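There are structures below to look over.
Same chain, two partners: subunit A is paired with subunit B first, then with subunit C.
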Partner chain A sequence: MTKQEILSLLKAKLGAGFIAHTEPIPDQLWVEVKPQASVQAVELLHRTTKARYLVSVGSDERELKKRFGVYHLFSFDKEHFFVTIDVSADPHQPVLPSITNVIAGANWSEREIRDLLGVQFEGHPDPRRLVLADDWPNEVYPLRRDFDYSSKPPSNPENAYPFKDNPPNTTVVAMGPYFPVFEEATYFRLYVEGEKVVDVDYRGFYAHRGIEKLGDASLTYNQIPFIAERICGICGFVHNVSFCKLVEHAAGIKVPRRADYIRTIMLELERIHSHALWLGVAGHIIGFDTVLMQTWRMREPIMWLCEKLTGNRKTYGMNLIGGVRRDITKAQVPEVRKKIDAMDKEWQAVLDAVKDDTTLRMRLEKVGILNREQSHEWAAVGPVARAADIDMDSRKDHPYCAYDAVDFKVITADTNDVWGRTVVRILETIESFKIVRQCLDALMELPEGDIITEIRDEIPAGRIAISAVEAPRGEDVHFLLTGGDNRPYRWRVRCPTYPNLPTVQVMVKGEQVADVPIILGSIDPCFSCTERMEVADVNTGKIRVYSQEELFNWTKRKA
Partner chain B sequence: MQSLVKMIIMVALLLFVSPLLEGILRKFKALVHSRIGPPLLQPYWDILKLLGKDDVRSPHSFLGPLPAFLGLAAILAAGLLVPLGNSAPFASGDLFLFLYLISFASVCVMLAGMDSGSPYGFLGTAREMMTSFVVEPVLFIALITVAIKTHNFRFSDMAAYQQISGASLSTIISGLALFLGIQAQLSKLPFDIPEAEGELMGGTFAEMSGPTFALYRWGFIAKQVIFSMILAQLFFPWPLGLVGLWAVVAQIAKVILIVVLVGLIDAVNPRLRIDQALVYYFGVILMAIVGLVFALVGA
Partner chain C sequence: MDILKVFLYILVYPGLLFLFVYSTFVEWVDRKLYAKFQNRMGPMHTGSHGLLQPIADFVKLMAKEDIVPRACDKGLFNAVPIFALAAVLTSGLLLPVWHFTKGIESATSFQGDIIVMAYLLALPTFAYFLAGWTSTSMYAMLGGVRVLTLLFAYEVPMFLAILSPAVMAGSWRLADIAAYFQAHPLHMLFNLIGFAVGVVALQAKLERVPFDIPHAETEVVGGAFTEYSGRKLAMFRLLADVQMVVGAGFIAALFLGGFPGGLIPGFIWFVIKTLAIVFILSAMRAVTARIRIDQMVAFSWQYLAPLALLQLVIVIFIKGYMP
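Let's look at the complex of A and B:
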């Protein structure tokens, strides 16, 4: 389906609800519709054209256009472009119709916009808080532009979170907020009958860091790549690339080819060590620690390699808008190749071992089912969608960096279960080895040193860009509306866990308690990547935060 | 008098030597994992450390540390029935007493789980019960098979008979069944389902801490030795006809071998779900019954 066909479809069906359209960047179609037509517009895209819903972005544009903007983002994967449905809400009484009844996956986006910007969505099936803490005061909206990023509103302990009522004959088994096999804070409240999960409730966002607010209010374009990289401790480079691509898109900056290849290599190295990490964690969740220990042993040389190439094991700090900060020299190429070959060999052994392990298959097969339709409904991404036989991968669908020049397969499975997701990840890693090798070949041919484009002009205000980068966990989407004073007006990050995590509530229903951790694990969740040690004195109410250095010193043996 | 000395030796062995065996098991697991692993003596330090800690207990607890003491006592008492050298320290006890004591020890674990008042404890207890239903028949049938074969109910006499005549087809089959049952008896993977760190955070033991928890752990470590000794003596009596020091050496070597095998199975398997474990153990019960039938027809 071409952009023209979509436009005429929308125009014909929406009639007077259709306001205008633009194409800010070649791969985007921007359609402005009236609020009362937004549900129909979204339904047409989601149901009729089978476009994939990405996320809804809210933006406080009262000072620009006297409105709150809400953008529903869609991707036409096979046609390689994005469509945005732009809806305006009244600046004083922002109320819009909810699209969650049409697209289940919009649930979180709308709740988030309500929490952070105060735009109400009429008819939302679950209007509870999502992002804000329970004790955050009512009607204080932190992402509005008149809310200072460093202000601390007084606590309002009245707002207890209203969990669902117990279904009859069930007991509550709490998994979270801190649970041993979930590495980070998240709360799945299971309503169980014996061993069977009848219903589930979720509360999360315990460690929201307000990074988007910092980007809109405090940091500059050159600083944000570094904070973007800290969004995730494992796939940080993805966020970093996503943000740089946004600005490069919006301002039309051309990146040197060599930098593209270097970015691709780092992205794939990240995928390799992330999938190895995941396989280990998955093994650990079901008690198979040999898998954990062996995959993490294999992973270690890749981490060392990354440190050698960038200066850091993780959080490389390699990217700037316009290119990368360090070259991978021709002299370094053989070593990278050697490490990749060694890991490739060991990974094949892992594949063989896992494939034929009957007990492993007993635990993973036909568990945590999410089929193709459900996946579309919840807008699942990455290995979760690919294991539901959806051929979707932003590396192919929205090529960026050097992915247009390398040859690789998109791995899918049709089992819809945890086993499928496992197989997809293992095979994907093998594709990653291939991609890195091809990029290394290219590095040998391109001239050394040409790795960054200098930016002389200011980034113009009012530009819009969307970037989709395939993280190990799935597609990572960033949205940017450029602003004045050298920073975004609105920067929205939609990490892959954001659409995938709600699917867990679908997947665990009817399963056994024993399967819940591995089902959650199978989406490779990533919540906040924040570790912080606080000690609260219950008598005085004082809180002391321990620094990294103090914690390090504690772990050292006293001489 | 001599039996009193033997009893003291047996209890000391179960309490103070068995952690070493646990240390060997952990070292071996580390080897499979490509790890260096903890020091051999780590289980001792673990127990000591736990014994020295505060005993934080759930406010719902009614029984307190009682099940922990009773459980460990039952395991030690069961140990007195296992032959040490050529006779058991408590020679007049038979396999029925042994079965009661072992079952009582797992009942104590269930009591502790229910007593904790935590949903993890309840789920753990429910799983422990289901496991017991299928695992204890295996132990029972396997021991009865040897009893039929040796025309005796006392472990000392059974061991002596086996030592002379060697194992037969029936006892080997039931011995293998018992070996498969040990994994669940000792809460090892793939059958550590009642504890299931992954989903139940220790299940029956979720609310345990300090000295109480140490007693449970100690009990499991002692149980490991008891089961290994029974397997080694009653079901796999080879090499036959050894006396004196050599018999002891062979005994120790076999016990270590069994523990290492248990550790190997533990290391190369994920945890099964309770329904899968039940199906598996029905199969093991059938296997034990086959052994019994062979014994009845004289094989």
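Let's look at the complex of A and C:
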């Protein structure tokens, strides 16, 4: 379906509800509609054209256009462009019709906009708090531009989170807020009958850090890539690339080809070590610790490689708007290739071992079903969607960096279950090895040192950009509206776990309690880890940091 | 003199002291093997190659703060670990390791001791259930219920499996069964199926992967032991190790011809045979994922129990047709 066809469809069906349309950058169609027509517009895109819902972004534009803007973002994957439905809400009484009854996946977005900006959504099926803490005062909206980023409103201890009532004959099993499998705080409240899960309730966002607020209130374009990288401890580079792509897109900055290849290599290395990590954690969740130990052992050389290339095992700090900060020189290429080949060989052994393992199959097959329709409904992304036989991968659908120049397959499975997600991830890693090798070949061709474009002009205000980058966990979407003062006016991050986590509520219903951890694990929820240790002497207060060498020797030391 | 022997039996070998030392050694072997399967080193720092690590862990845990939940039944909560440990230590006394009373029946070797032994080995399972029940925490409760469900899955195949060597030897006394297989070593081959079922059921009894369902940390935190800490938890940990030793000794006495040759050779046989079984248990732990409780029950009744029955039929036929 072309943009023209979509436009004529929307115009014909919405009639007077259609206001205007623009194409701010080539891969985007921006459609402004009246609030009362928004539900119909969204329904047309979601149901008739089968567009994939991404996220809804709220923006406080009272100083710009005397309105609250709400943008519903959609992706036409096979046609390689985004469509945005732009709805305005009254600056004094912001109320809009809810689209959650049409797209289940919009649930969180709308609640988040309500929490942070105070735009009410009429007819929302679950209008409880999502992002804000329980004791946050009512009617204080932290993402509004007149709310100072460093201010601290008084606590309101009377607010308590209203959990769902117990269904009859059930008991509550609490998984969270702190639970052995969850590396981060999250709370799944299971209503169980014996071992069977009847219903589930969720409360999360215990660690909301307000990074978006910092992005449009305190930091500048040069600083944001680094804080973006700190959004996630495992796939941070993805956020970093996402943000840089956004600004480059909005301002029309051309990145040197060599930088594109280097970014691609780092993204794929990140995917490799993330998938290895995931497989280990999945093994641990179902009590198969041998998988954990072996995959993490294989992963370690890749971490060392990353440290060699960037200076850090994780959180590389490689990106700036316009390019990368460090080159991967021609002299380094053979070593990278060697490490990749070694891991590739071991990974094939993992694939063979996992493929035929009886107990793994017993635990993973036909568990945590999310089929194609449900996946579309909840806008699931990444391996979760691909295991439901949806051929979506932003590396192919919205090519960025050097993905237009490399050859790889999008892995899908049609089993809809945890097993499918496992297989997709293992095979995807093998594709990653291929991509890295192709990028290394390209690095040998391109001239060394040409890795960053100098930016002389100011980034213009009022530009809009959307970027989708395929993180190991799924598609990572960033939205940007540029502003003055050398910083964004609104920067929205939608990490891949955001659409995937609500699908857990669908997947666990009717399953056994024992399967809940692995189902949750199968979406690969994000967590971070710190690897170096610092030893403080309590008596002298002296702090000593052990070097890599010392730690390594420690592991070798015999008692 | 006999009194002295009995005291030696109870306190030194195969009683309290031996079971404690040997079970920590077996834990060390298990951890080392498990580590080797995973390309790790396992314990390295306490003692030579970490040999004393299990003892260090035990002592450290004994010294930790012992918390008793306010809502639980304190008497039961405190008694359960002692009771369970005592049951398993007692079962250790029934192992036919010292043959000084082989001819005559005594307090530690009598007709039917195989039944008593199986009973004593089953007691900790009930203790786990009681521990979970009395803890009044939902994870402990779930763990306790899973303990019982698991019991119904593995106990029947286990009993059926230990029946066949007894039928073969025509005796209900461990020492006699061992002596029978020492006299006819080739007859052990007839019992291979029963041996396999026995080892798998033992793994389930010890609640180790793939059957560590009752205390799967990723599902029910600590299972029945969630609320236990300090020395009571240390007792449960020791109990699991002792149970592994006694269980392995039990299987070895039944299926592998026991521990012939008097004190010293018998001791060596005991170590060799139990370690062989522990090796199988560790390997099983390293190459499997935890299965679900419903899958475990199905597995037991679809495969383990019929196999054990088949073994029994084979033994009965052999008894009937062989002189």
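In the analysis below, the second predicted complex is superposed on the first by the 526 of 559 C-alpha atoms of A that agree within 3 Å, B and C clash if a C-alpha of one lies under 4 Å from a C-alpha of the other, contacts with A are read in each partner's own complex, and residues count from 1 in each chain.
One rule holds for everything that comes next: a residue touches a chain if its C-beta (ideal position, glycine included) is under 8 Å from a C-beta of that chain, and two chains touch if they have at least 3 such contacts.
Owing to the predicted nature of the structure, the values given are computational and were not obtained by experimental measurement.
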Clash-or-fit label for the pair subunit B, subunit C on subunit A: clash
Which superposed partner A:M444 touches (first subunit B, second subunit C, both, neither): neither
Which of subunit B and subunit C A:A349 touches, first, second, both or neither: neither
Contacts of A:A12 with subunit B and subunit C, given as first, second, both or neither: neither
Partner chain(s) touched by A:A133 [first = subunit B, second = subunit C, both, neither]: neither
Touching both subunit B and subunit C, residues of subunit A: 171-174, 179-181, 195, 283-290, 293-294, 297, 359-360, 362-363, 512-517
Touching residues (chain side subunit A, partner subunit C) in the complex: 171-174, 179-181, 195, 283-291, 293-294, 297, 357, 359-360, 362-363, 512-517, 557-559
Contact set on subunit A toward subunit B in their complex: 171-175, 179-181, 192, 194-195, 283-290, 292-294, 297, 359-360, 362-363, 512-518
Residues of subunit B that touch subunit A when the two form their complex: 32-35, 119-120, 122-123, 126, 189-190, 192-193, 196-201, 267-276
Footprint of subunit A on subunit C - complex, ascending: 37-40, 44-50, 138-139, 142, 209-210, 212-213, 216-221, 286-295
